[in-house]
Every structure is written in structure tokens, then in C-alpha cells.
Amino acid sequence: MHSVWTPLLLSLKVAGWATALNLIFGVAVAYGLSRWRSTARDLVDSILTLPLVLPPTVLGYYLLVLFGRRGTFGAWLDSIGVQLVFTWQGAVVASTIVAFPLVLKAARAAFENVDAQLEDAARILGVSELGVFFRVSLPLAAKGIVAGVLLAFARALGEFGATLMIAGNLPGRTQTLSVAIYEAVQAGDDATATMLVLITSITCVVVLMVAGRLVPNRTPLPLR
Amino acid sequence: MSVEIQIQKELRAGERSFRLNISFASESRRIVLYGPSGSGKSLTLKAMAGLMTPDSGSIRLHQRLLFDARQRINLKPQQRKVAYLFQDYALFPHLTVAQNIAFGLRSGALNLSRPTEHPSVQKWLQAFDLKNIAGNYPAQISGGQRQRVALARALVPEPDILLLDEPFSALDLSLRERMRKELGELQQQLQVPMLLITHDPADVEALGEVVFDVRDGEIQGQRTL
Amino acid sequence: TDLVVSAAASLTNAFKDLAQSFEQQNPGVKVITNFGASDILMQQIVQGAPADVFASADQTAMDKAVAEKAVNAATRKNFAANQIVLIVPNDSKLNLSSLNDLTKPEVKHIAYGNPASVPFGRYTKVALEHAGLWDQVSAKGVLAQNVRQSLDYVARGEVEAGFVFATDAAVMPDKVKVAVRIPSDSPATYPIALTAGTKQSELAAKFLAYVLSPTGQTVLARYGFLKP
Amino acid sequence: MHSVWTPLLLSLKVAGWATALNLIFGVAVAYGLSRWRSTARDLVDSILTLPLVLPPTVLGYYLLVLFGRRGTFGAWLDSIGVQLVFTWQGAVVASTIVAFPLVLKAARAAFENVDAQLEDAARILGVSELGVFFRVSLPLAAKGIVAGVLLAFARALGEFGATLMIAGNLPGRTQTLSVAIYEAVQAGDDATATMLVLITSITCVVVLMVAGRLVPNRTPLPLR
Amino acid sequence: MSVEIQIQKELRAGERSFRLNISFASESRRIVLYGPSGSGKSLTLKAMAGLMTPDSGSIRLHQRLLFDARQRINLKPQQRKVAYLFQDYALFPHLTVAQNIAFGLRSGALNLSRPTEHPSVQKWLQAFDLKNIAGNYPAQISGGQRQRVALARALVPEPDILLLDEPFSALDLSLRERMRKELGELQQQLQVPMLLITHDPADVEALGEVVFDVRDGEIQGQRTL
């Protein structure tokens, strides 16, 4: 067993990147979907939920087919010098895709809950659509979005099925905490497993609690 | 004509439908819409602000065409340059009083960083007696305070027209008088038309030049004071 | 009556076949297979899963089951053997012909099972230690969770070489070819035993006997398994 | 390969039960947390998110230890005739736990978004706390809750790591679609895998779209 | 004494703090709270309804103690049996007008199934001229219609006291008069005290017996009409 720091830092790096990517894409797609008036909307939404319904290992398998050296997309990536298979970047891609629906759904529900009249009030004040988004919709939806993003972070931290497939299990290079835990459990090494599980759990709890506090809570104190 | 409006809209809600058929024109810069509850006053203002799209007709402000169904012209709310006081205020719950008032001073993605230092924010905080609650959130202030914040927010961007939906209804008499004065002065200074919805005869007297009577979705009469 | 058989993943095709013919010979009996990595099956049985028969891909997993008193040690028998082979993609231009060639710098990644948790990984490790190459090879290692993953990595050309069971290499003759057969002085033997908790030991024993019988052995041989 | 109907029906049964259980427990716990004024609240919330951060297989292992006949809890269950290991009920337990955080977070964010003044208005009208919950808080939070529940359903449908551990891979009895897909991919049987993936995906999309329509959408039509 | 209140509360919001220190008692059944915006009128009503817990003091209604800081008595809103009209209405957005009005007729987990058939719902739909919007949602009705729905909703459960925060502010004069009459009759019939916040002298005249002047969080004076 390597030191626990290597997989822990790797896990945080991978989950951090995956969360950041999902924050951007998930929120953007959710906003688009929540404003899009079309019957195709729910279909697109359901299809974007699919990464959740496929067993991660299977998803990882398809990612491998797609991004592998012999995959269409992988060959192109290879030609521009990007290598996803057996790299931590591959783990980021896997975790991002697996956690994407969590941010999407949460953000969409949050955006749809924002009072449309407030957005109109901003428009009348001459504020651009970009301004309406950043100054009204986003802050009012923040609570729901953050809930989704934290879920995505936890999921990315726990992801190992798809990661294992595409990023492989190269000790010290792509072995995330989850993969290490899996290994330990498989090997019947309960002591190591328990220690690693505790480390992941504590890390996750700490990150969730700190992140939860970063969002300003503007609910006024109740008068009673 | 400074204001010229002629619009139709059929609104359905449940089994009921309401037909709005408003048409009036006026050179006056102080117009009052007067009429019973549910007659269509707020909807008329919403149409002018671009929050409600009529089925047919047109809306003209000075010589600017804001809406024309036949020519398929429909300016965005952002382009109409109107000040609009919502009947239920529509304050931003996540922004302080000062931030709410300063909201229209920036049109981009960021709020004004020090709203209380901006001269027009200061002016209205002073004029409407809101100085000591400048840092409070809408949930922490009283009903009348909210109404004043909403009015200040609408007036700050110096618009082409003032659309005010019962701007003083939550205020006591002395405050009402004071604000009527402030508003009258602002309107004179900007020289823009003002469309006011009110139930208070004192408002009509102080701020109205022409009064249109709205009833069942139509203009039923007109008085000049 | 139902008979639950937990069998190593590498036995999947052969045991599906065996289960079917056993059912035909014993009307009214339904064999319910549970395929998985040997160590997982072992853990399930140790925790009291209602399996009747356990067929493992190596002795280590079975040893643990015995130590936990989860299987009936007296019924333990070796029923098949397998071989570890080094495979390369069919279009490989590296010309690997001995384990020593794995130290070539062109060989960047080598897939094999995790010795800590999967039988074919343990076999691989033994073989490589035997050849004195374990340290060099494990520096390039990509740990697969099971044989199929190792096979898949080779078939896709993601790794330059990989270790798998001979029975698995035979599944994809169009994509991979065997470069090196590990000498048979370290055979991979498969043990089978009745679980300690079985409530139908008679029927389970009958199945176990069937696997060891000439008919059973023929079926296993058809899928490339060797005699123990 | 059995007919695809058996694993499909089994998957729907398992995911359906898991979703129903999560709807009840997730919403109840979320409501409790959203009303609980204590600093311990966020800690409890983070801890309840942990099923997401543990690799499912590992979670499955712990469930196996807990619910197995040798486990304390399992021994007691055994004594009352309940068997979870190698049964579909075990798969329900695994899927429920894995998907729980999704409902919890979504429902909590939704409840906290409900205007407290409306709940007070109901109380003043003499309505019991139960009435406030069912007649005000729940309908106003419905949109966010449903988003979470649908995620949970998709996740439960896709769960196989923990399921495989505790419920095993018994064709016709505990082999859900996900497990079958996993097995097909493992066996290199790409044709079967693709077919099963399509079936799962279509099932999921259909269920999500139908369920999404069951919630009455009370957002008034915009006037423009 | 029918109403007896003596409470203190310190409210902090941002850097500002507001001190509420209200004490009055009256046998009268028609009490008006009168005062400028932000003086503490709504907070006083909230304290009576159980939505704001004072730091100290007590609230007594008839001989019933609703709140007593020293004895640690603090009845739940449900137990206080008050009718409360929120200044900003607080209508349930997911329920129709009829369902909103009928809300207090059931205290359990289910809404009344056919609200429009219940006699008291019918009565108030009729009295407040809401019949034709009974099936509409709050977002589909006008400001004055909302205020009337909120008032009807508060009155339906036949309470021990009426707490009304500017009940007619959004209404036109003729409707105001009509509703004043309805409300006055209801109050006579129930023989319960009524506490009214208003800025309209006509309301004071028609519905007030005693007027308490609220200023800066304190009762500054008392007039009997």
C-alpha cells in the first residue's frame, strides 16, 4: 500500500475538476433547458440523465471504446497529443460524465423555481440578459444548484467504475481513493479498507460542510 | 401625441376569460388610469412595459413605436426605457435596499459595487426617507418601506416614461404628500410622460392632468382636470 | 428444487453449459448460477449467502473460505486447470516472444490482474517472480479487476501486452494472439467444494460429482480447460 | 441469456421499490433537517450523503457484512425469517441506500426554498403541522422533490455495484438489467450488451418523461 | 379587558436595530392602529398572531393568556384562533381562489374537496365579488382581487379576534365602502375584537372606536371616536 496521500490528492484533483466542469456545463445546460419552450425539452432532459442509469463500468467501457486509441474520437485526440486512457484526465472525463445529471436536474429545478416576475423587473431596469442571469436568476437559484453540485462532488469522489475502465488502475498515477478502497475490500484487507473509507468519508464531510457555508444564506432569521 | 395605445388581448384562466381592449391617446404628460379592481389597469401598464404581448394593436411613445402587431414590432423590455413600479413591488430578495435601488445603474453582469456612494442612490434614499434601512434586505423592512424602495428603484435609471401602479397605497398620509411632491418634481424635471394607477382622489388631484376611466377592460371615459 | 452455484467468472461459459445438462439429467432441479470474481463469491459465502456450491479460480480464495469454515473442507476437490498466457494485439509489431521481452522500452503498459484480489493476477505474479521479472513488469502494470478487462485492454491496443487465462484468450482469436505460454510447472488449478451452510447437501454433492465425472470433464475440456 | 423481460421486470421492481422507499424516507428526513435549527444539522446532512461517496461495491460489502447471516443485524433478520443476501429484497436495500442522498439533497433544497410566510399563514388558519406539511410545504416543494426522485429512480435502475455484492448475480432472481449488462460486457458479448443498454435507456427515458408529466405544473403561462 | 398587550422586542438587521415597545389595553372591540410607515404596526399584529415572539411582556385576549414571557407561555399560532390578513396577502400560489378561501375550514392533511360548495366560501365569494374568479390561481388575478381573497380567507374560520393589516389599501373607493360594511357587520355578528391597521381616515371613521397612535415602535397616544 502506497501512502494514503497520493490517492487522496489524486481523488481531490479529479473530483475538483469534475465538479468545476459540471458547475459550468450543468448550469449552462440547465439554464438553457429551463428557458427553452419546446416539447423536445423533456426528451433531451431525460436523455441527459442517462449517464446515471448506465452501470458506471459499462459507461466506462463505452468511453474506452470512444476515447481509446482505436476509437474515432480517441484517434483524433491522439493526433493532437491528448491521451485520456490511463491518465488522470481520463478519470476527470469519466467522473464528469457520471455526475453530470446530478447538477443538471438540481439546477434546472432551481431555475424553474425562480420568480419570473423578478427577472422581468430586471429587464425593465435595462439590464441585459447576461445581467439578468448573473444578478437575478443565478443567485436566486444558488441554493438548489449548490445542493446539486455538492452531490456531484461526492459522486465524483466515489466514482470508480467508469474511472477504473478508462483511467485504469495505475498505482500512484491513476489510483484514486475509491479505487484503492475497492482494491482493499477485494483483497479482504479490512483494516486498510476501513482506514481509507474513514479518510474519504471525513474528506467528503469536511468539503461538503465548508462548501455549504460558502453560499450566503439570505433567509432572514425568523422572528420567533 | 406623447402616448398612443390601442391594444387587444384575450386572457384565459380556468373557465373564465377576460378581454382587454384599451385604446387612448394623449398629449398630456400626467395621465391617471382610474377604475375598479380587476378592470385591466395593471395589464395596460404591463403591455406598455413589454411584459404582456397584446394579440393585436400598437403602442407608441413619443414618435417611437414600442409595439405593433401588424409590423411585428415588439421591443424588448430592455429597449423600452420605462420606469415600472410593480403593484406588488417585485423587490430582489437577495439584495439590500441600496443594491435594489442601484440595480438599474448597471446593465451588465455585475452589481454596482458601492451602491450607497452613487449620487442618485443617495438622492432617493434621502428623498424617500430610506437612509437608515439602506443595508437591510426586503424581508427585514415594513410594507411601506418596500413600496418606497420599489419606487426609488424604478426612478433611478431616468427613463422615457413613468409607469406607476398604485405607488403610494401602503403609505400614510404625510409620507404620501411628501412623495407626491418628489415625484411631481422629478417628472417636471425629466419632462417625461407619467402614467399613474391610483384609487386616491388626492393623487389624482395632485398628479393628474387627464384621467381615463377603465372599466371591464375598456376605456369608458376621459376627464381633464 | 433450486441449487445455487457460485462459480468464478472465468468459468461462465463452461458452467452455464454444465448447469443445463445437469438440469436435463435431474428433472425438477433448477441450477441457479452466480458468476463473479472468486474473491467476491468467497466473501458472500463467508457472510452466509445461501449458495450450495463454490467453484473458485484458485486455491487462495478457497483457502480463505476453508479458514472461515464457510465451506465443507472434506468435499474440496480440484476439478480443472487453466494456463496463464501472455497475449498481444493481433497487429502487434513488437515481436514479443519471451517474458524477458517485456522489459523492452517499447512496452509501456502491461495488463494483468491485481494479485491482491483476483486469482489470475496471483498466478501472473507467481510466474513473473519465477522468471525474476516481477519488479520490472509491475512498474508498467495496469491492474485489471478480472480477466476480461485485461483481455479487453489488449484487444483494443491500449496496452502492448497482457496476461490472461488461456481459456479467455481463445474467445477473441481475431483480435489477440498468444505470445508466450507460461510453462506448466505452475498450473492454475480450480477447486470446488460444498458450502458449510447448504441445506441440500445431497443434491449439491451430486452436482459436484457431475462436474468431476467424465461427462463434466468433457464439457470443461470443450471450453479449453485442462485436467487438474 | 434469459429473455430480456425477466431482468427488465426485476429492474423495474427493484428500482420502483427503491424509489418509493426513498420518496418516503428521503422526503421525511429532508423535511426534518430543513426545520431543525441546530449546528449539527449540516453534519448530519453530510453524513447522510456518504452512500454517494463510497464506491458502490464497497458499500455493498459493508451491507453484506451487516445483513449477512453472520452480521448482527442479519442474524436478527434471519431469526424473523427475512433473508436479504441473494434476494431481490437485498437489491432493493442496496439501491435504496445508494440513491438516498439524491432525494435527500433535492428535497431539502426544495423545502428550504418554500416561503416560510406561507407556512405561517396556514398555521394561523388553524391548520395542524401535518396539514401545513401536506397542503403547503409539500406541494410547493414538489418540483424540486420530483427532480430528485427521478434522479434516484435512474440511479437505482443503474445500480449494480452494491447490488452485485449483496444480491448476487442470480439469473431470474437477482440479475437486474444492470447486472446483466455488466455480465454481457464482461463476457465480450457486445451485441447483447448493446441491446440491453438500449432497453435500459429507453425504459429510463420513458419512465422519466411520463413521471415528469404527472406533477401538475402550476407556473402560469407567461403573458408574452 | 378584551385586549391587553405589553411587549418588548429588539430587532437587528444589518447595522440597524429597531426597538418595539408596545403597550396598550382596551375594552373596545374596534381598535385602529395608526402611524407612519415603519413604526411597528405590522410587527405588533404579528406578535399577537404568534408569528413574532417578543423578548418580554405578555399578550392577553379576553381572559386568555396568549403569551407571557415570564410564565413561559407562548401559544402556537394554531391555538390563538386569530384571523390575520397579511399586508402582502400571502396567498397560496398553488391553490385556486376558492381553495385559498376554504383553506382554514379543514385543519387536517387534506384540502376541502369542493370548496365552492361550502356555504361560508360561497358567502364570501359573493360578498367580496369574487365569484367569477373562484377557479383562478393567485398569479392570474389583479392586485385588488388578491387582497379581497386574502381577507375572505382570513375571515372564513370565524376567529376570536380579527387582525387586519391594511385590508383595503389596494381597492377603489366604492369597493372599499362595500367591504367596510361587510366587515363591520361580520364583526358585530361575531362580537369579537378587531384590530385594524389603516392609513385611510374613512376606515378609521367607519370601523374605529379607539385609535392608538404608533410611532417609532411605541404607542404615543390614544383617541376615542
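Labels A, B, C, D and E are assigned to the chains in the order they are written; within every chain, residues are numbered from 1.
To be clear about the criterion, contacts are C-beta pairs under 8 Å (C-beta built on N, C-alpha and C of every residue); 3 or more make two chains touch, one makes a residue touch a chain.
Computed from a predicted structure; not experimentally measured.
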Chains linked by the largest number of contacting C-beta pairs: A-D
Of all other chains, the one whose Cα centre sits farthest from chain E: C
Whole-Å gap between the CA centroids of chain A and chain C: 36
Distance from the mean Cα position of chain B to that of chain A, given in whole angstrom: 44
Chain centre separation in whole Å, for chain E relative to chain C (CA means): 78
Shared-contact residues (touching 2 or more other chains) in chain E: 11, 13, 50-51, 137, 140
Residue numbers of chain A (touch at least two other chains): 61, 186, 220
Overlap residues in chain C, where contacts from two or more other chains coincide: 40, 43, 149, 152
Chain pairs that touch, as defined at the top of this document: A-B, A-C, A-D, A-E, B-D, B-E, C-D, D-E
For the chain E and chain B complex, residues of the former touching the latter: 11, 13-16, 34-38, 41-42, 87-88, 96, 132-133, 135-137, 140-145, 148, 165-166, 169-176, 199, 201
Sites on chain B touched by chain D in the complex: 11, 13, 43, 46, 50-53
Chain B partner contacts - residues on chain A that touch it in the complex: 115, 117-118, 120-128, 130-131, 133-136, 139-140, 218, 220
Parts of chain D lying in touch with chain A, wherever the complex brings them together: 42-43, 45-47, 49-50, 52-58, 61, 101-102, 105-106, 108-110, 112-113, 116, 143-144, 146-148, 150-151, 154-155, 157-161, 178-179, 181-182, 185, 193, 197, 200-201, 204-205, 208-209, 212-213, 219, 222
List of chain D residues in touch with chain B within their complex: 220, 223-224
